[in-house]
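Listed next: structures, encoded as structure tokens.
Two complexes come next, and they have one chain in common, chain A, joined by chain B in the first and chain C in the second.
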Partner chain A sequence: MSVSNTPSQASAKTKSKTRKPATRRQKRDWMFAAGFLAPFMILLLVFQYVPLLLMARNSVYDYSLLNPAAAKFVGLRNFTDMIEYDDASVSFGVTFLFALGVVLFVIPSAFSLALFLNSKLPARGLVRTMIMLPVVTSSVVVATMWSFLLDPSNGLINGVLNVAGIGNQPFLTSTSQALPALIAMTLWQQVGFGAILFLAGLQGLPAELTEAARIDGATRRQVLWNVTIPLLSRTTLFVVVIMTVFSLQAFAPAFLMTQGGPQESTNLIVYHIYNTAFIMQQAGYASALSVVLLLVVLGISMAQMALLRSRWNY
Partner chain B sequence: MKKHHMRRAFFVTLVIALILCCFLAPYAWIVASSFKNQLTLFNDVTPLSWKAFLPVGGTIENYQSLFKRTNVLTALANTAIVAGGQVALTLLLCSMAAYSLTRVSFPGAKIVFVLILLTFLLPIEALMVPLYQVVSGLGLSNTLLGVMIPWVASPFGLFLLKQAFEELPVELEDAARIDGAGHVRIFFSIVLPNVKVPMLTLGLITFLFSWNSFLWPLVIVQDPANQVIQVAIAQQGSPTQLPNWGETFAGATVATLPLILLFLLLQKYFTQGMTTSGIKG
Partner chain C sequence: MNTRNLFFASLLGATALWGTGAYAQDTTCTGETVTLRILRTPGNYPYPAPMEAWQKQNPCVQFEINEVPFAQLADTISVQAASSNPPDIIVYDGPNTQSYAAAGILLPITKYLPKGWDEDILPATKAEHSYEGEVYSPGIEQTTVAMYYNKKLVEAAGIKPPQTLQDAWTWPQALEAFKKCQQGTAGSPTVWGLGPTRFGNGQPGLVYQDLIYQRSAGDPKADPSSSAYKTFWALSPDGKTAEGYLNTPEAIEALKFYRSLFNSEGVAPKVGIPNAFFDGKACFYIDTPAAGNALLKDPKIEWGITPIPYFKTPIVHTGSTTIGATARSRHPEIAAKFVVDMSWGEYAYMNVSQRGNLPTLKSLFPRFAVYNSYPMKVFVDQLQEWGQPRPPGPKFAQYDKLVTDALRAVAFGGDPAELMADAEKKVQRVLDR
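Entry: the complex of A and B
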């Protein structure tokens, strides 16, 4: 994700080589660049920038997707509605709680897994492959799999709990257990991805640093807390942001496993937007919700960039 | 010392076994159960028996009825077309754009780059509603093209390839340039053959993203004849509507198997692509 100034470097190179025929050659280059970039840029404008502007515009209208022509300008009412009615605050609250839970559990588990995988280990490749399987499995299959794993009467997890002497749990049908169950599922699904990222970070550390600390008499635990973890703070920030942004955009669990329930306890925001726009046909309000979601995600990404750019580095 | 080693070996084995159980057992249960009828399936879980993880007393009835009763086979073919098309178009467009940005000097290159950079931060899910209007406005709703076209100008793909193109020494192209070769020829005969690994990585990540995508195809395609696999199996059954568990599991197996095989074959490139990008479909 590094923003380099290489276009200008490359251009400096080409310029020095093509000085002789000057303008004709340059013009041909421009024509070529325009032609080669056009397909990409046109699609980017049509499918990213146009929707972005359309969303901003739609957020001040009241309309349905079935009959967009009958749109009515309502100013900021969609946004004031968000404050007045508590569906938005409930949904955003549930989503933040979900993201928080995912991050709090994924980070330490992924980091421990990475440490484990970074040590001398039999069957290391096998373990790494296993933890990556859920990452390449679609969110639909993971959600389907887990809704059956978590089934109150015939699910595998209750089968295992029974062996341990614990009675059947309701999981997805309980207001207090549904969201934690979704967090557990997401942990299972994402921990391998986090571990691979941490592992790449660990393998990028200069070995001399930890060795030097060991020679100076530090215990393994001291090296871990005072050398390794601080050195990995950039990787950690990266994983935190990826997991947060991923969780904020989760859709399949709510759609397939809980339909947002029970009592909106798992009404994740993207599912709420989907329902508002495509089922309840209130596309204007859905656009306003989308604007808020977009701003939240952009805010998180920008904060990450600012932190990474500052010389907050060891 | 020896005792210490033994204890560590025991601990390590225990942790590995635990990890394998956590990550493998759900898959084993799903696949094994896809070969069972409802009664056998339930009996193996309560009380829990080792049979739950093996296709004991197997039958292929679930698969037969799945293929006969639902549109899963059509959906598989559609998904293959969408994913294949998306990979081809993404590779083509991103490599062309990356070449222009790294090898040609033209006015406005900075602005173009910033425009692309900004979209990198856009959360796709938040744009679903307006995107639906744009794509159906273009008359592409209910088409396979409509499923793939919004994603082929991928900022992630551009960054990945731009980085690879920058690492490629320009000297490689000098000889050809002196011989009077134009950009098009340099692009196809010198640059592209030298970035095979990044292209493969991008192709795999794009395939994964496309194969697994759900919300967008759910929104843009209603016609069952043009449905993709994730939507097909999602609509085939859910626990709330008295499903046939074995059949649902057969659907999940069919939808996942191609990707898992691909992953097992080309794991190195998958992992590489994911760690460099931090993006997951």
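Entry: the complex of A and C
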């Protein structure tokens, strides 16, 4: 037996049926709203969605930027090439490792720093400035500076290691150390941003919850583990998604410090796409890689949102 | 009354002046004015003096110049060449000539070349700038590399580097000199045996400078099916095959030696050190004539030049930026005329003398006194006797990137056989596509 519409649904129907025609003032408001929104919507359409559609179309062509008029339709060949040759899988693999490393190190470091900045300990202002400086420094400057720091012969970091009795490390010229070195640099650069986000989250927590827990006899560690961290799940999700997307989009470290080497050990996917389009002159294949990257980023972000979705509200 | 007279007098004077101007313009340009758009790197030719001189003979031509840094030049050409309004003239990296010709970017200029050009041009330049029987760029200047040395450091170590091609060192002899001259611990010395390159980011592996190690282990006179022959050419003559040309026994032996310079012998750094040679932190250093010309103007150190060492066959790579007219130029005839004029006779001399690189025309060499005697004569001798273009082909840019990556990985300690096999595979994929 079917159930009739609930009263609220019925009233909504009635309302929609009996909706009064828009007044002149309402129409004028709509026009104004559309006018104000139009510039942004047009920019969004022209510079975001149209290029995405063009990219999707280009991914089924084989062409060179030097002569796009000679583009040849190749169907899904660019996508099957990603399976047939190992460059895409290597590059995606390197990028995932990079993203994983960055997220795994940035989240706890940023959270710890945020706890420190949220406390009443001395030198908070100084630390806040210190951790924010790398965030506002140009990626090019950061990459150049770290290239000098990581110099395998005369770099400052090797100098410090020598003092500690450890021999010179190859860092960026080693297949096993180059990626960790880039992760360390990104951690140094991004930890401030993560800390500021966590700090905002911490300062938004209602004090009465922690106070109640403390009155109930919870230790500081128990409060942190059972109250603060669960309540910060929304902030954590945001930081994780932001850091993951930043990492998947990273370009400057590979471009400026390692040029994807040695032996593709730092061939991050965005750098690989740039290389494929502009150096290798395979713009169609680069478009196909971009389509896959877009889907991967969407997939990862959705998975993270599903796994880390907030179970607590305040 | 006076004011009115003054007003009419001024009006009359202004009209007369305007008329004179119009007349003057008529005498300088009687036809339609044409604007040629030039894309080049900063500080590169065509230089103002030859351009102004050319404009006096071609008064209806004006220029609009756009400049981009060398590192962005290829990307910019990629984008602008396909646009609806491409530049008329491009100044680009010479080894890309065949790529641009195959893509239809460059205009063939064979029919515009003056009489005697074929006999006067350096063979390596002609080979680099030709594609399927047509010449696409006349070339203006040419460079190659030689090995500079710091006289004070080298003499202190009791080394006497050769000064002529006949006495040139082999690479093992050069290594002995590097080791003898180097000061400090191998791998992190205070003075390096062989300084880092100034090209790119200072890391080793560039095809221009480092592919000559393995190419010199080959033999161009050997049987064309032999590995020695293929090693020397490093790409099939038709530019379509890489397999069997990079991963040869001769190449691998040479690359093991090359790897040792940066690793087991520790005489060369793996990363760039700005101005290492000029600051007295390297005994030997490989560079183009530009370094010599800079040192002649400002002799920071006492220096000399020795020819590039070799294994079996001496070889140096040639190449420089060059000039070409674009196929889709709105004024192809005038663009081609300008390009050819700038590279011939007095205009070529004016352009080459501005920067101090080597000319591409043999007839111009005697006019550059600096290249007629040691040390700079080594460059001229090398260019004429040993010069070879980097393996030319319509996919040079891709070849250059893939082989540079492989050579760099070898310098960083990778396995030469594995890396060259991988490079061959990747280059072949590009060539087959």
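Here is the rule we use: the second predicted complex is superposed on the first by the 260 of 314 C-alpha atoms of A that agree within 3 Å, B and C clash if a C-alpha of one lies under 4 Å from a C-alpha of the other, contacts with A are read in each partner's own complex, and residues count from 1 in each chain.
Operating definition for what follows: a residue touches a chain if its C-beta (ideal position, glycine included) is under 8 Å from a C-beta of that chain, and two chains touch if they have at least 3 such contacts.
Computed from a prediction, not measured in an experiment: that's the story for all the values here.
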- Message: In the overlaid three-chain picture, which partner chain does A:Asp151 touch, first (chain B) or second (chain C), both, or neither?
- Response: both
- Message: If we overlay the two complexes on their shared chain A, which of chain B and chain C does A:Asn275 touch? Say first, second, both or neither.
- Response: second
- Message: Contacts for A:Thr137 in the overlay, against chain B (first) and chain C (second): which applies, first, second, both or neither?
- Response: first
- Query: Taking the superposition as given, does A:Gln263 touch the first partner, chain B, the second, chain C, both, or neither?
  - Reply: second
- Item | Partner touching more residues of chain A, whether chain B or chain C | B
- Message: Contact-wise, after the overlay, does A:Pro51 reach chain B, chain C, both or neither (first, second, both, neither)?
- Response: first
- For A:Ser64, select first, second, both or neither according to whether it touches chain B, chain C, the two together, or no partner. second
- Check whether A:Leu209 is in contact with chain B, with chain C, with both or with neither, and answer first, second, both or neither. neither
- Message: I'd like to check the shared interface: which positions of chain A are touched by both chain B and chain C across the two complexes?
- Response: 65, 68, 147, 151, 153-154, 158, 256, 259, 278
- Message: Show me the residue ranges of chain A that touch chain C in the complex, using the header's touch definition.
- Response: 62, 64-70, 85, 87, 147, 151-154, 158, 168, 170, 172-175, 256, 259-264, 275, 278-282
- Task: Could you please specify the touching residues of chain C with respect to chain A in the complex?
- Result: 74-75, 77-79, 81-82, 99-100, 103-105, 187-188, 201, 203, 269-271, 273, 395, 397-398, 401, 405, 408-409, 412-414, 419, 426, 429-430, 433
- Mind listing the chain A positions that touch chain B in their complex? 1-4, 6-8, 10-15, 17, 26, 29-30, 32-34, 36-37, 39-41, 43-44, 46-52, 54-55, 58, 65, 68, 113, 116, 121-123, 126-127, 129-141, 144-149, 151, 153-156, 158-160, 162-163, 188, 192-193, 196-197, 200, 238, 242, 245-246, 248-249, 251-252, 255-256, 259, 270, 273-274, 277-278, 283, 286-287, 290, 293-294, 297-298, 301-302
- In their complex, what parts of chain B are in touch with chain A? 12-13, 15-16, 19-20, 22-27, 29-30, 41-42, 45-48, 52, 93-94, 96-97, 99-107, 109-110, 112-113, 115-117, 119-135, 149-153, 155, 158-159, 162-163, 166, 170, 177, 182-184, 187, 208, 211-212, 214-215, 219, 230-231, 233-234, 238-240, 245, 248-249, 252, 255-256, 259-260, 263-264, 267, 270-271, 274-275, 278, 280
